[in-house]
Every structure is written in structure tokens, then in C-alpha cells.
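First chain written, first letter: the chains are A, B, C and D, and each begins at residue 1.
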């Protein structure tokens, strides 16, 4: 229908707006951009802050008409809506800017993390992101179990390397927390190479840790990958309500 | 049949030709080869340019006989054929060379990327490459969703490390775009090690980012891997028309 | 039931206790913590040692009431229970501390690996960890086969690089055991970069090794991942007895 | 049966022998071992050479009794057997040693790669390795297709980085073959970090290459992983003949 087409166009415009806005928050930290186009950026911040504020208020206003919320009264329906995860994201994406505008002591620039919250607003328009969240929720027990296992291996690896290497490299393996940095970067196969075992025993243990990292990789793939693929395909047959 | 055997042999010769040609474009940048065998390489370029030009013109000539294109007139059939992706690849693989030959201002050597386009011609002869393209097209929504998610995590990781490390390492984490380089290399588990967090907070956040990269890996595997395996096997029962 | 609720609460308290305890063993190696809060840590060690000892003794005491062990007499049931893997973990988690307390020649601090054994106690409360163990046991033949294969590729890669690079880099590729360190870090895609081939032949062989590492990755994923996912889901329908 | 038990025990002894032998070939390159235990190693080499020679000759001798070869005459059956892959491995594992013993000009030590061929003999006793070979053969078209694709991406990545970075880093990106080294180490997510883009354009292209490497990983997993898992399980129901 025409209403549906209009809704899709507004969605597309809002997505472009979010991406431009997040890109701006990123580029602003570059002095050659953030230091030069001060007023242009401020103007765009005000426009974005206004649009997102209007979007939020409109969504809140009409939320008592949504079928699942109709049963509550007009006030309670809006409170229930405002507490949904996506509404909280909308709220956090818009409020800090206006606070920083009215209270000089809060610098909007320092709220760079909150500005990136706007990126999460894309989740509202992306069924794939919602599918992933569903997959993670559905498999939460298996994911927690895998994380416990991976953390256990990281702990044991760090402690072993600490025992073996802390005499040879006190600056890198002097404490277990320091060795944990090596263990994480090795087990996830990132392998920065800033900290590397130098003793023969350390290299042998590290080789086994690498092999384990190589194999433990199978766990998230087996769990999240399968569940995500399942969610994506089941979505195809379900009418979603944003 | 004998005609079929001949076609297969011509295909095999053309594949060898493409590989030799691409290999030459790569080796030519090595001064000890490109600077010495100038005339031999030029000769091979002319031969390759001629063969690919003749192949393209012949394919275009007979394209109005292909069953799916017969319904159009002789001219429209050839236009439709010329606009198909594989025909565009054939065209781009051959035209720049002849342009550079006749217009001295365009150096064929500087068109090194266009020369590698010839490698894409192999796709015409490889069902597996076509299967992958089909798999990617079939799962495009899931792939876009995963990319949005991965980019979101990269953005958040870069911003967090920027907040935590930009005082300690202004040369590496001085701006968010600079931190993005670190975030990409960490989340994809490449881990060059040219940029590494040094503060305790930075290392803790980086460890979580590594773990997320380790787990998010499951998404492309779950989506592309499964779809590709499915395409490959369904191909076995389908007669393809090149 | 109320008894069930109480059991769950005790389980939760014990998990928190284990995590605190392992975290303490890790942090203690940091001089700014282990050197300052000497008495506080000693006190916590005594409390943990007591709780885990009481837990172990109580479990051993009531073990003859468990249905599968009832058929043995009261003594034999307890011996059978004490030899189960989880009971051995409980035992190893508690005994070294008390030995180090009574025999001054054994330093509890030096037993840092044994202290981390307490982390394994979490396996008792995590069905996911038990599922992984089941999956590994069920697929042990395939896992051993993959490991043989991966080790074979590592050996061949190390020997080839040793042949090609040991003249150019005697300090890194002077012996095959030294080259093995490179081969492990490359094939598992960790890639520290502390040892890198420098000759053209070495780089070509290394590129093939990287590609093989990239592909061999498929083995653990295909085996462990699938088996783990299967175990996790079959667990859902099984009443477990801890 | 007793004969079966004896065969299994001989198999186990031979596997241990192979592992000891390969381990020795590796350790011999370490001067502190290879330079000291000269005679002990020579003795072990003679024993291994004799055992493997006797094993090969016995297997060849009785090969005309194997049911699938019975139909040939006694001579042709042995020739057919000698040309099977596993027999060739047995032959290559044993002949070079005896040649080097009788012809002084060939140094056994320099044949280090041929000595590692003995490791391949383990394949005879490992159903998992044979399953992997079957899986690779069954999926050869898909594997070749994936490799073509991965090599195409490597080529394009190397050429792009060469165009963008060869002015800034002529020592690392001065030619496309040099850039290929970077492309392989990045796309396979190894990421040594010895060669890293420094320009903004180079880093942006490199980020996309990393993301592609992260996603292309799905191909071998989807193909080899699934096929291997299938082979492993089908093996369970098949009586194999070594």
C-alpha cells in the first residue's frame, strides 16, 4: 500500500541519517575535520538531535495504538513502550545531546560512546540483527558454557606461561594478569606478537595453547552459527512488527 | 560428442592462457623481469589482447543463437548479451589494452587493476565460483545483517579504545579513524601487532574485543558456509548453460 | 521444592566463591596486591580451604545414598565416588592448601597451578562444560585423526622452511625444532611475526602453509562444533544427576 | 581372534616406531643432540631402515593373497600393489636410507624431507586421515573453486595495495609479488605484522581485505568440514581393508 511505501521510505532516510551521524561522530575526532568544520558539525548535530527527538516523541505518542499495548490504559501503554530495549536505545541516542546543550558543564564531545548508541538504532530496521539477538538468547546456556570453558583455558594457559617464563621475561610474564594478555591474544588466534615466549618450555606450552585455540573456535561456530542460520530462515515466514 | 570435446579443450586452453596472462601482469612489476623481457612481454600482451578480443567478438556474434535470447531480434539479443555480468568482464578484460595501444597518453602498465580483471574470466569456466555468487545472492539479507553487526562492534571497539588509550598513545589512538585500524585488525583476528593497547584498561577491553571477534566469526560461517555447501550440491543435478 | 531451591542457592554461592578464589590466586601474583594485602589474602585462603574441605567431606559422606552407588556397601560406595573425575578435582582443589599449611617446606604460593584446579570445580555446575566433554569423548577418533593430520602438516612445513631458510636465518630456522615454533604459530593462524621467512622460496612455501592452516581449520569445526551442538540439544531432554 | 590381536599389537608397535623415528629426524638437526649421539642415532637409523624394509618386502610378498588382487597373476598382483599410494609411501620411506648407505655421495642427512615421509605411513593405520582424503577427493570441485576464488581475492588485494602503497613503502610494496606476501598473510588472518600498510587509503583497503578473509573462511569450513564429518560417520559402518 501507499502508507507502507511511505513508511519504507522514511525508514531508509532514517538509516542514511544514522549512518551519516555516526560517521560524523567518528570523523569529528580527526583534528583536520573536527577543528575546521566546527559550525557545520554543530548544525548537523542540532538537526540530528531534533529529528531523533521528534522520532522518539512521535513513536511514544502513538505507542498506545499498537495492538499488544492496547489493553493497557494510554499512560501505562506508553510507560511499557518506553521501557522496551529499542525505546531505551532511542532515548539514550537523543537525550545526552540536549542535556549537553543546556548544561554547559557536560561536553557533548566527551559523550562519544553515547553518540555511537545511535548506531544501535539501526537494529530497529535490520531483521538480521534482531535474528542474531534471538539466536544468542535462545542459545544463552551453551554460550555461557563455552565462555566458561574458554576462560578456563585462558586462565590455565596464562598461569602455565607465568610459571615457565616469568624468570626469563619479568616485564611480560611477571604476574598472571600480565600473562593473561598474552593468553587472550594467543587463544583467540589474534597473535599480536608484542609478547612472545622465549624459553623452549614456554614455546612448547604456547604451541599446545595455539592448537587449543584453533580447536575451541569450533564452539561458537557450532552454537551461534547454527542458531543464527536457523533464526534467519525462520524469519522468512514470520510477519514482524517493528 | 566431438563438438563437446573440442569445446572443453578450447576452455582448458583459454584457462591456461588467462592464468599465464595474469601471472605475467604480476611478474611484470618485478624490475628484474619487467625491465628485461620488454619485447617478449609486449608480444604476449598483443597475442593475449588479440585472442581475448576474438573470443569476445565471436561470443557476441553467436549470442543471438542462444535459446534464452532467441526471442529478441538479432540486434537486441546481442545488446542483452553484452550487458550480462560475464560479458562485461570479457569486455573490460580486453578493451583497455587496445585503447592504451592506440592512445599513447594511456599507459597499459598503469591499468594493472584492469589487467587482473582477466582473472574474473575464469568465473565463466568455474561452476564453484558461480555457486558462491549464487549463495551470496541467496543469503544477501543475512550477510548485510552480519556486516552491520560486525561494523557496529568495530565502531564501538574503536571508540572505547580511543577513549581509554588516546592519552597514552596519541600517535596510534589519537582519533577514532586511527583506532578503527586497530579494531579491524583485532576483530578479524588478523592481529598485526603494529598497534597494541598498553594501558591495563585498554588491554581488558581489547581482550573482550578479541573474544567477540572469535565468536562473531560464527556468523559468516553459519551463513555463507551452509549456503555454499547447499549450492554446490544442488549444482550436481542441474545442467548449466555457460 | 524448597530443598531444590536451597540446593540451587548453595550452588550459586559456591560458584561465586570459586570465581573469587581463582581471581584472588591470579591477582596475588601482582606485587601491588599480593605484597600489600598479605593477611587478608591468607584469611580468605583459610576460609576457602575450609569451605571446600567441608564441601568435599560432606559430598563424600552422603555419596553412599546416591542411587547408582547404593548397591555397593557404605565403604566401597565412597571409594567409587572418590575416584570419579569430579571428586578428584574436588580433592586436588583442597588438599595442597592444607599440606602447605602444615608442612612449611611446601609453599602454597608455588602451587599456583593446583590453585587454578578450583576453576575446574565449576564444571560440576555447568551442563555446557559437561556437554563439551561428552562431545569430545564421542568424537575422540575423529579428533585424534585431525590432530595427527595437523601435526603432520606442521612437521612437513617446519622441515621445508628449515631447508629453505636455515642458511638465511640460522638464529630462527637453524634446527627443525626451532622451525616448529614458526610452523605452529603460522598454521593455527596466530601469526606472532617474531619469526618470518625472508627468502622468496620461504615466502612461497609459507603462503601455501597459511592457506592450508586456513582450510584445516574446517576439521575441528566440522567435528567438535557439530558434536557439541548435538550434545547441547540432547541435554535439554535429559534429567541430569550431578 | 588371536591373529587379529597380534596384528593390532604389531600395528601399535609400528606406529610408536614411526613416531620415534620422525622425532629423531627432527631432533637430529639440533646440534646438542645430532652432534653428540652420532652413533646411537646411526644405529637407530639402521634398525628403522631394516624394520621398514622388512615390513615393505613382507607386505609386497603376501599382496597376491589379498582378495581384490587375487584375480591377477602372482607377478602382476605385486606390481599393482606396489603402485598403490600407500605402497609408494612405504617405498619412499625406506629406499633413500639404503641408497645413502651404499652411495657415499648421497647424504642421508640432506634427505630430511624424505625421512619425514615415514610420518605418512601413519595414514595406513589412521581411519581418520583416510576419511579426510576421501572427503577432499569427494569435494574436489568445490575445493578447487574455493581456491580459485581465494587466489583471485589475494591477487586483487595485492594489486590494490601495490598501487596505493608502493610509493610510500617501496621496500615492501614495490612489486606485486612482494605485495602478495602481505595479501596471503592478511587474508588467511595470520597477520605477521612484518608488512603493514601505512597510508590512509592502504589501511581502508586492508580493512576490507581483512573482512573478506574473515568471511571467505566460511568456504573451507562449509565444504571440508561437512564432508569430513560425513565421511567419519559413514566409516563407522564400513569394514575397511588396509
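As a convention for this text, a contact is a pair of C-beta atoms (placed from the backbone, for glycine too) under 8 Å apart; a residue touches a chain by one contact, two chains touch by 3 or more.
Note that the structure is a prediction, hence the values are computed from the model and not measured.
Averaging C-alpha coordinates per chain and comparing to chain C, the farthest chain turns out to be B. With centres defined as mean CA coordinates, chain D is found 29 Å away from chain B.
Looking at chain B, one finds that residues 177, 180, 189-193, 217, 221-223, 225-226 touch two or more other chains. If you sketch which chains touch which, every chain touches every other chain without exception. Touching chain C in their complex are the following residues of chain B: 189-193, 221.
The touching residues of chain A, when paired with chain B in their complex, are 22, 25-27, 29-31, 112-113, 116, 119-120, 122, 126-129, 131-132, 143, 147, 150, 177, 180-181, 184-185, 188-194, 217, 220-229, 232.
Residue ranges on chain C touching chain D, taken from their complex, read 139, 141-142, 144-146, 148-149, 152, 155-156, 158-160, 162-163, 174-177, 180, 186, 189-193, 196, 200, 203, 206-207, 210-211, 213-215, 217-219, 221-223, 225-226.
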